[in-house]
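Next, two complexes with chain A in common: one pairs it with chain B, the other with chain C.
== the complex of A and B ==
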């Protein structure tokens, strides 16, 4: 069951490095390196502040990107958020 | 151990002990020009021991031991004792070295800049490095390149070049006979013969070098050059490193800097001369 409230891993707990074709995320607490592509870095950047709902994150992303159908965008972002929770890059609030 | 030899290869020093004299006699001859450990204390110990006490004499079988061991390392025939010693030294480096990011790669240097080549076993990286080492480049190593996390420099690990099967004849055409070790037939890796790196490789083994070009060679295919993106280079190098995870953030920082700063290409080739011509062109334009 998908959750609806998320908070980001503190920025000091990971390092982001953009290469020419992918983005690397080094997670300090686990020592794991994740190789991610768009839209994960964008969602990570939009997951700022305290606690955000999926709808709030989608609203922030919509400000900078054309996400198409809002319903589809919400579902897609939700899926990515759940994957990021599994990697330890985001937490269910 | 009854027989032993001490030696230093680049920054790493070894004490190799053996229950039998011959592997140590061979090592002492082939590593005669190499220095001793700086303070007389070796970083690693390698032990060549019989699997059972009586196996020292009856169908001798060598078990490779040392500070760092693989649980399932299979014993080898005594006739392949020199190979066992080399494998033992490699194993200590792969499992125990922490001062550098260790890349499973060959490396040569020219004009103060390094060419790093990595790939699967059989890709030709070792033979290419050995050939270039006889053609005006400095051989820095045929198996490991040591990336310094602090400076970004590559340091050399010029152990004996391990030539396999057809590579033996190729290098017999390039280097004098006195630099070759004994021919070991039918080892677990095929026919093996070691080649002592030339004088310049040994005397300059402590010189670090700025990396300038990363290649992924692949032998046995029609000649082709392909650009390799930073992400692919990063992923393949993490797979080619034995201590990336162990080094943690230092390893991550060193490797991201390496793939960001160094151009990378994959080259397919069907002969050494063809590959060397491709390397010369790439070096001219990219390094």
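== the complex of A and C ==
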């Protein structure tokens, strides 16, 4: 698996609003609103600032969260990252 | 105080001291488990609650049904049938994909040069409330 590096969309380019069960992410450039649930907000938070690989993001998340089996966690976070990249919430650096 | 913290390596039962729970709070489980990660995102385009795929399949009638009997002038405005220089409406609605391609320089399918120009100008003039406006507006949204 290629070691892609990721970065978040700049924080100024989207607005986050947490509701009870979901988080709304308004993406300014596209005008779209994304309704997201865990682990997407957590992955977004783990991404901000640095350029990171999937493994680094998983390591960062495991400080605060129980991610279960590390192999499954890597695959799951990768899947979410791919979706976020497709929607413009994250970018391959 | 420090001797109360941390694991007691010499404890024969291997049990953490009682204060361990204060030092290492339980972390919330983040991932649902399993090899397949379900999609955690639903996206809403402004003025259109629909999937990305259906935007390109949405329809723009030219003109909108209430004005089907009117013709379209070169500048895209609606005029009475038979007006000099105007063209009749299109025989079928155009898909978002067809309009998107036409706005980038291709022809709307099945149209002459005059029809293509008139129809595109009509589409560019679409206002909120007119059939096809939401489809056209969605084409403008960058992804």
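Operating definition for what follows: the second predicted complex is superposed on the first by the 90 of 93 C-alpha atoms of A that agree within 3 Å, B and C clash if a C-alpha of one lies under 4 Å from a C-alpha of the other, contacts with A are read in each partner's own complex, and residues count from 1 in each chain.
The criterion applied here is as follows: a contact is a pair of C-beta atoms (placed from the backbone, for glycine too) under 8 Å apart; a residue touches a chain by one contact, two chains touch by 3 or more.
Treat the numbers as computed from the prediction; the structure is a model and nothing was measured.
When the two complexes are overlaid on their common chain A, residue A:60 makes contact with neither chain B nor chain C. Touch criterion met: A:21 reaches chain B, while chain C stays clear of it.
Of the two partner chains placed around the shared chain by superposition, chain C is the only one that A:75 touches, whereas chain B remains out of contact. Touch criterion met: A:30 reaches chain C, while chain B stays clear of it.
Taking chain A as the reference chain, the count of touched residues is higher for C when chain B and chain C are set side by side. 31, 33, 35 are the residues of chain A that lie in the contact sets of both chain B and chain C, per the superposition on chain A. Against chain C, in their complex, chain A makes its touches with residues 29-40, 42, 61-62, 64-69, 72-73, 75-77, 79-80, 83-84, 87-88. The touching residues of chain C, counted against chain A in their complex, run 26-31, 33-37, 39-46, 141-143. Remark: chain A residues 15, 17, 19-22, 24, 26, 28, 31, 33, 35 touch chain B in the complex.
If you check the complex, the residues on chain B that touch chain A are 229-232, 234-235, 238, 245, 248-249, 252-253, 256, 259-260.
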